[in-house]
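A short write-up of the structure that comes next.
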Amino acid sequence: MSYLELSGLQKRYRDSVAVDDVSLSVEQGEAVALLGPSGCGKTTTLRMLAGLVDPDRGAIRLDGAEITRLPAHKRNMGYVFQSYALFPHLSVARNVGFGLEERGVGKPEIARQVEEALALVRLAGLDQRRPRELSGGQQQRVALARSLVIRPSVLLLDESLSNLDAKLRDTMRHEIRSIQRSLGITTLFVTHDQVEALTMCDRIAVMDRGRIAQIGSAEDIYERPATRFVASFVGRSNVLPATRDAEGRAVLWGETLPVAVPASGEFDLFVRPQRMRILPVSEPVSPGMARVHGRVLRSVFVGDHVEVLIEGVGGQLTVEMQSGSAAPAEGTEVAVAWPLSDTLPFAREAA
Amino acid sequence: MTGSTRLNLLVLPAVLFLLAVYVWPTLGLFRNAFNEVGPTGAMVEAWSLKTGAEVFADGFTFELTLNSLWLSLTSTLIALVLSYPVSLFLFRTNSRFRGLLAVIAIMPMLISGVVRVFGWLAILGDRGLVNTLAQSLGLISTPMRLVFNWTGVTIGLAESIMPYMILALLAGFGQLDRTLEEASRSLGATPFRTFLRVTLPLSLPALALAAGLGFVLSMSAYITPKLLGGGRVFVLATEIFEQATTNTNWPVAAMLAIYTLGLLLLLLAISNIAARRLQR
Amino acid sequence: MPTRRLVIQAGLATIAAPAIVRAQGLSGQITLMSYAGIFQDNYVKTVIEPFQQANPGVKVNYVPGGSSAQMVGSVRAQKADPQVDIAIMDVTTSSIGNTEGLFDKLTPAEVPVLAELLPEARAAGGEFGPAVTFDHLVLVYDTQNLTPPITKLADLWRPDLKGQLAVSAPPNIQGLALTAMVEKMEGGDYRKSIDAAIKKLRALAPSVQTFDPNPDGYSLILNGVVKVATGWNARSQLFADQTGGKIGTLLPPEGSVFQINTINLTAGSKNRAAAIAFINHALSQGAQKAFTERMFYAPTNGKAVIEPKAIARTAAAPESRARMIGVDWNEVIKLRDQWNNRWRREVISAAR
């Protein structure tokens, strides 16, 4: 049995289901991201773990003991809130020491541990400040230190970086990841930002409408999305409407592609733009590659790459080229090729 | 014309209105305080400090001041203890009846003083609800005196200022954030410890604001002490009214009114300073 | 019965005829300020409406002015530009207006009806507005829930009335009147000392529910809050009738005190002629008779001939008159602060 087990968790509100059926196993020391759009139930799941929301059904086990109905203050979970939730009337040191005071730790010991925790998040010397005198990044570090100092069984991070600017977010991402690794602390990280999920966690659980759509490593999720939702939510894809020929093969823009397709119903082919290459019309492709024809509509320079929009008989698609490589001129007839293994067919959902 | 001049012109009607209906009559009131009163109560126009000297030499003025302060203090504290949980609940509830509940909480504002008195008589009177219940349970043999005395006025006043205090509390709960309480709980504090260490300290500015308002309202309350006091409760407000409308003694009434106004301004200043300190 | 109505109408016309002749040339409006409620209703019906019929050119506006003190306050505030022509109020406050020059003196030349008034009615206002009604302090009681009913002032101290009394304390003039009555009951004289009264009243304090009945003692009895209250005779008689006898009225055999309302002409009245005409009318035998029979205020016009049934319910009945304590309100009013303080410190402070 794993260190942390969620099984069949459900939470309904008056007129909606926040979490429908969530089961998840987390190993000790592992960092798992709950990734999904807003409203998918990821925060509710985290709050159920912390004891801030009572699940309607299901169970939570920690280290073999059931904690489903345990009150929040007995759970020993370190919860870092999106808004940081620092106590405005207490100094940084009192904020960080709060949990230790509640645990009846002696004053000198609290002082020592607080100092240590502040050093860990690189805030030494700011202990007498009030939260409102700190920058957003510093507040974030205080919140982190406050949750870490109690040596929580599980660290719960709720969109913890979303209020920081892009640059600071980058730094904090790496700092949190390295602290998490060095302390070997089991961590659940709620985010809607796939980069955060991909870079900070060992495994990712993609959530969709109150359920986990897919759990796996970053690579699993990205390369082998289990559902249409995962494929479209994680990374960018060309969504190409295709048809089926008499032998059950996919037909795209007039070309037959030997990929397995759903037996019935309408479907699309998902292809990542950066897996596609632009070739002269005359250049042949090796077997195992898909190939369609089109005309270059326009190229957009995005910085680290160039996006080329191509129009063919069946619609449009985008190819991502490394910047530096020469983009074909607008109006040029080209071929677009990609490995068949990167072609993911998903049935079209009823609207 | 600059923008700010135009804005100033916009407040002109309000200023004129205030001058006409508030400042001018108040100055008239001040004027009366320096008149004298003859033996039969006739007012003699004068510029004299005789009335003032009489009012402040009279030990009863001091007694009235203490009575007013004590009554305000007790009813404010009672109202505060009762309003705080109500406001906290209203502040937090997600109930779809929240609006309705808030209206119910401030409803007493809409009830006239006389109706309120008969309501309290029905509850606190010798044959009221409380006494009937206590007697039928065998707790007491003779009725408790709960009305027409200080007890009744304190209860009635606390009730009448509660709606204002609830509104003040709701307005002052700015810093109170549910997430902070959750943070406290997740850090291992029990609900009670969370209340003590987070909710209460963060409510202090609101509590100070509400207490200041309740105190000032209590100090100037006239109807409740008059109607529920049974003629036994003497405070500044009732004395001012009595002097003006029963004794026809305008100079004394005016002098007491100025004195009370000064006292109230002083209290307001203190409460403002306290609230600002707590906010910091 | 057309004949009878005709006779009455003819009779009324005859009575009114001289007035119409005299009133010719009177026009415009006058404003009368006095008490609100049933006083207003009945005064308008029995005094003002007949006056307006007799003087079709004059319109009388009745303005309710609150308590007597509030009325004298209004007149005082309007001193520079009087809006009120006539004010009917308690003698203790009208005397303040007289001293301050708010009211005009009245001469028998202008107001011939003064000659018909009882001496004490003239005396009440001195050279100023005379008494227009006499009332007196009574004990009002719950006839349904009080057995045996009270029969004398001393009954207030009955043990079974503990917690059942509503007593208006000074500075309310009911309280002042009661003080004089209790002093008399105890064998003293308020002019010399009220020590005996205060001592006796102090013993009464624990029996008193409220020293400041609101809205009034009659309502508190009807609502079952108290069983006995101090009150004024006229209103009590009217409430007794209106409630079908639920309220009883007792003129204590130990004696009572007159309450006097005076009728006052505002100095600087803008329609002095009409105001004088109204005062003549208000003090006339007819108006005094009509108002007494309607509301049981004793008349101040000694020549008014009043139904025996009505007069028996006022203090004008001979056996009542004999029980009245002569109180000079102009003297009492100088003692008011002193009595008030003694009540506060010695009577009201006694535990409930």
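Chains: A, B and C, in written order; residue numbering restarts at 1 for each.
The criterion applied here is as follows: a residue touches a chain if its C-beta (ideal position, glycine included) is under 8 Å from a C-beta of that chain, and two chains touch if they have at least 3 such contacts.
Everything numeric in this text was worked out from a predicted model, so none of it was measured.
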Contact network partition after chain C is left out of the picture: one piece
Identifier of the chain whose CA centre is least distant from the whole-structure CA centre: B
Centre-to-centre distance between chain B and chain A (centres being mean Cα positions), rounded to whole Å: 56
Geometric centre distance via CA averages, chain C-chain A, whole Å: 89
Between chain C and chain B, distance of the C-alpha-averaged centres to the nearest whole Å: 37
Touching residues on chain A, where the partner in the complex is chain B: 50-52, 71-79, 81, 83, 85-89, 98-99, 102-103, 146-147, 150
Sites on chain B touched by chain A in the complex: 175, 177, 179-180, 182-191, 193-194, 197-198, 201-202
Residues on chain C engaged by chain B in the complex (per definition of touch): 66-67, 69-70, 72-73, 76, 92-93, 95-96, 99-100, 163, 168-169, 171-172, 208-212, 214-215, 223-225, 330, 333-334, 336-337, 341, 344, 348, 352
Interfacial residue positions of chain B with respect to chain C in the complex: 38-43, 60, 114, 117-118, 121, 125-127, 143, 145, 148-149, 226-227, 229-232, 234, 242, 244-248, 250
